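Take a look at the structure below.
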Amino acid sequence: MPDPPADSTPQGLAVDVLAIAAHRDDVEQTCGGTLLRMASRGLRTAILDLTQGEAGTRGSAEERAREAAEAATVLGVGWRQALDLPDGAVENTLENQLKIVRVLRQLRPRVVILPYWQARHPDHAVVASLGYQACFLSGLTKPPAVGPTAPSAAPAVRPIAPAAAPAVRPTAPVARAEGESGLPHRPFKIVYASLYADVRPSFIVDITPFIEQRHQALLAYRSQYANQPVGGGLFVPEEEIRERTFAEARHYGLLAGVRYGEPFVQKEVGLVDDLTLLPVQTL
Amino acid sequence: MPDPPADSTPQGLAVDVLAIAAHRDDVEQTCGGTLLRMASRGLRTAILDLTQGEAGTRGSAEERAREAAEAATVLGVGWRQALDLPDGAVENTLENQLKIVRVLRQLRPRVVILPYWQARHPDHAVVASLGYQACFLSGLTKPPAVGPTAPSAAPAVRPIAPAAAPAVRPTAPVARAEGESGLPHRPFKIVYASLYADVRPSFIVDITPFIEQRHQALLAYRSQYANQPVGGGLFVPEEEIRERTFAEARHYGLLAGVRYGEPFVQKEVGLVDDLTLLPVQTL
Amino acid sequence: MPDPPADSTPQGLAVDVLAIAAHRDDVEQTCGGTLLRMASRGLRTAILDLTQGEAGTRGSAEERAREAAEAATVLGVGWRQALDLPDGAVENTLENQLKIVRVLRQLRPRVVILPYWQARHPDHAVVASLGYQACFLSGLTKPPAVGPTAPSAAPAVRPIAPAAAPAVRPTAPVARAEGESGLPHRPFKIVYASLYADVRPSFIVDITPFIEQRHQALLAYRSQYANQPVGGGLFVPEEEIRERTFAEARHYGLLAGVRYGEPFVQKEVGLVDDLTLLPVQTL
Amino acid sequence: MPDPPADSTPQGLAVDVLAIAAHRDDVEQTCGGTLLRMASRGLRTAILDLTQGEAGTRGSAEERAREAAEAATVLGVGWRQALDLPDGAVENTLENQLKIVRVLRQLRPRVVILPYWQARHPDHAVVASLGYQACFLSGLTKPPAVGPTAPSAAPAVRPIAPAAAPAVRPTAPVARAEGESGLPHRPFKIVYASLYADVRPSFIVDITPFIEQRHQALLAYRSQYANQPVGGGLFVPEEEIRERTFAEARHYGLLAGVRYGEPFVQKEVGLVDDLTLLPVQTL
Amino acid sequence: MPDPPADSTPQGLAVDVLAIAAHRDDVEQTCGGTLLRMASRGLRTAILDLTQGEAGTRGSAEERAREAAEAATVLGVGWRQALDLPDGAVENTLENQLKIVRVLRQLRPRVVILPYWQARHPDHAVVASLGYQACFLSGLTKPPAVGPTAPSAAPAVRPIAPAAAPAVRPTAPVARAEGESGLPHRPFKIVYASLYADVRPSFIVDITPFIEQRHQALLAYRSQYANQPVGGGLFVPEEEIRERTFAEARHYGLLAGVRYGEPFVQKEVGLVDDLTLLPVQTL
Amino acid sequence: MPDPPADSTPQGLAVDVLAIAAHRDDVEQTCGGTLLRMASRGLRTAILDLTQGEAGTRGSAEERAREAAEAATVLGVGWRQALDLPDGAVENTLENQLKIVRVLRQLRPRVVILPYWQARHPDHAVVASLGYQACFLSGLTKPPAVGPTAPSAAPAVRPIAPAAAPAVRPTAPVARAEGESGLPHRPFKIVYASLYADVRPSFIVDITPFIEQRHQALLAYRSQYANQPVGGGLFVPEEEIRERTFAEARHYGLLAGVRYGEPFVQKEVGLVDDLTLLPVQTL
């Protein structure tokens, strides 16, 4: 296993990739395979859910917290927490931006994954701009009123994962980052997970070896996906979830000439070293 | 210097990158830096000009042939020839496609660079579709009437470069390819050089170390660029050419966070191994 | 079973829907489910393949003709023939347009299905414009030189389907149309099957009840799909074909809230009678 | 007259189509003909204006309320009210979303018409996202803080229409809905009226038989449109209004091959039952 | 009346604006008002119709020639001729390009108006690229085979307008141009008339003072527009033509804040001298 | 020197062009050349910076104020002030809109320049919509709560420029405008400076004669641009700034056929008087 690239950077990143999403189980659906792939390369991954799922029809916030922790373990994610933004009413306010800034300065990710900015669920669309602006603010030496807004006694970042959920690479990196958490940090790259958006992706991540494991992570949300009373009983719920998510992964895989893929959009143009190393066959 | 990647492929490619353009000196302007960069990585590059420049106001076809050979040497290109399509009236016909197929089967490139499909000069736009269809036909086991159309005595591919122009990697690979030239060959990748197109590029190639050498290649076309009677004499021609081409290279470099760049469009989505290796900073 | 709508039109259409494609087995992949759905509504469907598949690596033109006839039977298609355009080199010429005009005037379809105008295979892209222009010419009272171009002895429309292939609604309508075949006919609607195009569809056709039957039609092309030597043997060919085509059908189905779907593009805006009858849920 | 389709749905919808707009007289201009067409099919229609027009140069809020009620009668609309958002400063806040949620849960529409999301008037653009998010929240079982935010004494939905304005289908459906108004309701479909937006519509609604009646509804706003001091007096105001609105209706009608039309955008793809029933001729 | 700007240019242009279209009466519909406006400014205008209308259902080519000449007089156009390309089957060939080059070199226009490149009628779309390539070729000092292709005895440009049709500014400028007609000429600007295209225009030309005269020009085509057997007789044909064309002109006028307008697309960006002189109000 | 056009308008505009931007030195980079060009035509220009730069890494707000005043003098701008919105956290609120409305009603500009609505820096994107809505509100006779929101003692528009910075056309116009500042004012035109946006501009302004002066204005920000510790010391900072900004100006100049240009987007279509006066050569 290669050394994590973070070690070779001067800043000593605590986390390589941080996925931010509105709801627990969003990340599992849109970029869970990518997080698994990154972890398999020795990279440190993390998930920040912005809400705790209190608006969901089924399952209490506590149940979902337990499930999220279990899913994190399946995904090989070393850090996962949830903020307390209102489920179904996430807003892009300075206050919410600053809550995320705290996490960014603690975890110091090189890459941040956000949901795509057009979505059926309003929370998803809002997180795209909310997360972007947080990444920007996080890099300012003198950000607007970062201290006074957040009461020091109630930390904006509350660890939701129960103690029993063993983090994959638990203490050292986070501890190191903790010490630097007041310092500005600007992620190098922001990409947008576009699975549920009706948009052409900029690129695909091949998740073929991880598709079954991703599926297990999603099934950890038993309150959401188990025992679902679907129509005629032709499909047991688990089979339908599997069939839908595998079909979408196959569709995006076919776009890039691999078996299963997850789609992403980036706003920047690419930069290519060597034309002969370009993947994805033209003809 | 690393081994050329072609050696590690089963097919034994004769050429790694082939740039196809309508006119001599097109390639120098739109992807000369990229060809230099590829050559510096030990890759074998080639240029196919489709016309011989007889419609140009200044310079005979013979002069331009000599200049093209000189520019090829500056660019480190091992093979350069010109077809005989009519300058200013390039058409996308089966006959023209088959002329290019012959070259493709001889050189067997992994990557083909074509001009972007929207352009002020009609020849450039036509070459995009003409070249694409040639790449497609080249891969067919039973292409339509490839033999009878081209008279065997007059080879469709005529070496225009004078004997005195030393090819960088002269004989062996071409000879090896020659033997296979009847076999189908489908390039893995087609990209479109979009410098003069008013379109957002898919990616940039960093040509910073090669910008001066690219400029020398362009200046090899003395019949076109030397002693040009420009307006008030404020700028000597060479300076104006330099200033324009460097400004455009700088613009595209800035898009990707490098000093000088050349822009390309690809039709396929990308495929990314590792999010933390993605270049081009977001913020 | 309802009466075919064609009967209620004054012109007495011989065919309701005609799918035109470059290669045998194109239609099976891109709109086979739609043809099955139309047939199940009592509509008369037909297929015109423009080439006979001589450029294919495997299978002779004769084999493919037999397979195409079998597939037509599975699809419930009453008429299927192939023109003799060169496989891999279909061109949009007046001559080729007029070959299609003859078929259009004979079959007099209300709807013509063409492939989408951007495609990896050059033939597909060409058929989009070739077919469009043929539909236009077919409606002119005085089209350019329709008679002399096509030699009377060799009919442009040659029945490729062997006699043994029983057409579903065999003789009467075709005979009736035959008598009118000299008269101009302009299809009411042209739609573009966009399955293999990387484009947002205008609409989806729900093919859920027909997906297995469509698959059978595709498998009729034994020369193409049977005994394929795929990599490690993890998947037998038939399973891979099934898995790919079902995954794409599922992707497009999900876009429209149904199980399996086929995507189409239309150039016209829509016209809606009643907002409360609009399908496809927003939220 | 056919039964309203709402009756055949299990939920017992009180209203079939609800048009939400920023200002009184917006709906008359952008979808008045569509509301008339829907009413003529026996569907129950309603209008929610978000502001009361206090920023308008001419006419008091009271005058506009009376005119709106008169216009509602002309449009055959059974329910019309106005919220109290500030005219010229409509904001997309949770509080405003919840004001609309109350109406949605009371009226329980199957279809909601919103203004298109790009517009010269900032209020129009805001209503597109404000209304969308309200539709989303309205469907949540546990929406964020729906109760406490709105003071119970001052109902968010205040009936603005004076008592004298006879609602077309007055009491029963509203009464029935009232009883269910606390229950979640998610509209099936959201469409965007795009008349004043410089965007290609997804579809047109044919309003030919209703254009004169729509015009009468608009003229009900005497405070806005009567006695207008226009330039040289070449056109009396009423004629100019007529001429402009009829010309736009004609333009959109021509797009779809009908006489007068109103344009709409939908975000979803379409779903088509039968290709031969597709309207709008291609050639 | 100001001097025509052509006089102040060194090349001595014979014509300021040349409109090229596929069919007689195309120009009247898409840019007749613009030609009138240009003529009213003292500019010299011309029309080149590429076909003679033999595919039309009604009216012989001779009738249409007479009508075209009459319409030209109404439009104040000094030169109008028709080439002999096949109606309904215009193709973009080098031969056809060269026929247009002859006209361009004779008339030496500063501006060429072409139809937009997407259109229902295939001829219109073809003329966009055919005309563009002709403009390009016309500027080459050494164009491909301009002499031998066109037989010298049969001039590519045949005057179709009967002698009786008095050209507005008849002999002098044409005579002057005639002498230079062999010399290369590249139009400064190409714009695309986009009236019938479903595309956002780059700019509008205000034709308010000329709308009635434009209508008279269209009515000159009596073989096309008079005595048309329309449905129920509610509208006499002339009224319907008027109503449709005025409504479209009004729609495009409203886009730019004028009464009647004609839409155009240009491929180039604009260049603005003074921001305070920018027309078309934002708010 | 011609009279300023403002004098010929009935409203007696105080300022012809007002550029609004988030940060001091934004305007210098994106439209400084345009402001110089407008001033050279005798037009009155002004700059409103919305923040005071407290989030910047280097330079205090006071330093930046002094530099901004100096830059204003170099740009020939008669009025420049800064609001007090938080640097790095500009929000589009009614309160902020009303702060800008006060300035608009005081200065009464015909043209307002805003940053383009997509940008890396979140402040820039917000200013596009914030400024647009302020322009809209400024034109309302009865805007929402313009008085009470802003405390009368602390003027929303505080002159930041120190007294020592001599404004170019200092007192008279401002004084005249001051008297009318309560009256509604709607700018005629809003354009968006798009230099740093990856978008095709609508038009270019030729700044060739002003590029050196624009550069001097930028260099006035010594706290930002002087003594910058860049990498290997190959370029002194001033040279790098020059090289980057000149290259971008050259790129946009080349788009429009001039030497140096600044790009702008407008939402409206254009309106063209005379096709022969259209700038920017096609071929």
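Order of writing sets the labels: A, B, C, D, E and F. Residues in every chain begin at 1.
In this section, contacts are C-beta pairs under 8 Å (C-beta built on N, C-alpha and C of every residue); 3 or more make two chains touch, one makes a residue touch a chain.
On a predicted model such as this, the values are computed, not experimentally measured, just so you know.
Participant: Between subunit C and subunit E, which partner chains are common?
Facilitator: The common neighbours are B, D.
Participant: Subunit B-subunit C contact: same residues or different, taking over half shared as same?
Facilitator: different
Participant: On a C-alpha centroid basis, what's the spacing between subunit C and subunit D, in Å?
Facilitator: 42
Participant: Round to the nearest whole Å and give the separation of the Cα centres of subunit A and subunit C.
Facilitator: So the centroids are 43 Å from each other.
Participant: How many angstrom between the C-alpha centroids of subunit F and subunit C?
Facilitator: Comparing mean C-alpha positions, subunit F is 58 Å from subunit C.
Participant: Please list all residues of subunit F that touch 2 or more other chains.
Facilitator: In subunit F, 136, 198, 200, 255, 267, 269, 282-283 touch at least two other chains.
Participant: Sort out which chains touch which and give me every pair.
Facilitator: Result for touching pairs of chains: A-B, A-C, A-D, A-F, B-C, B-E, B-F, C-D, C-E, D-E, D-F, E-F.
Participant: Can you tell me which positions in subunit A touch subunit D when the two form their complex?
Facilitator: Residues 54-57, 86-89, 91, 121-122, 198.
Participant: Touching residues of subunit F toward subunit D in the complex: what are they?
Facilitator: 94, 97, 132-133, 136-137, 140-145, 267, 269
Participant: Inside the complex, what are the residues of subunit D that reach subunit C?
Facilitator: Counting only subunit D, the residues touching subunit C are 5-6, 16-17, 34, 38, 41, 43, 110-111, 113, 135-136, 139, 186-191, 200-206, 255-258, 261, 263-264, 266-283.
Participant: State the interface residues of subunit E toward subunit D in the complex, per the touch definition above.
Facilitator: Result: residues 120, 198, 200, 243-244, 246-248, 250-251, 254-255, 282-283 of subunit E touch subunit D.
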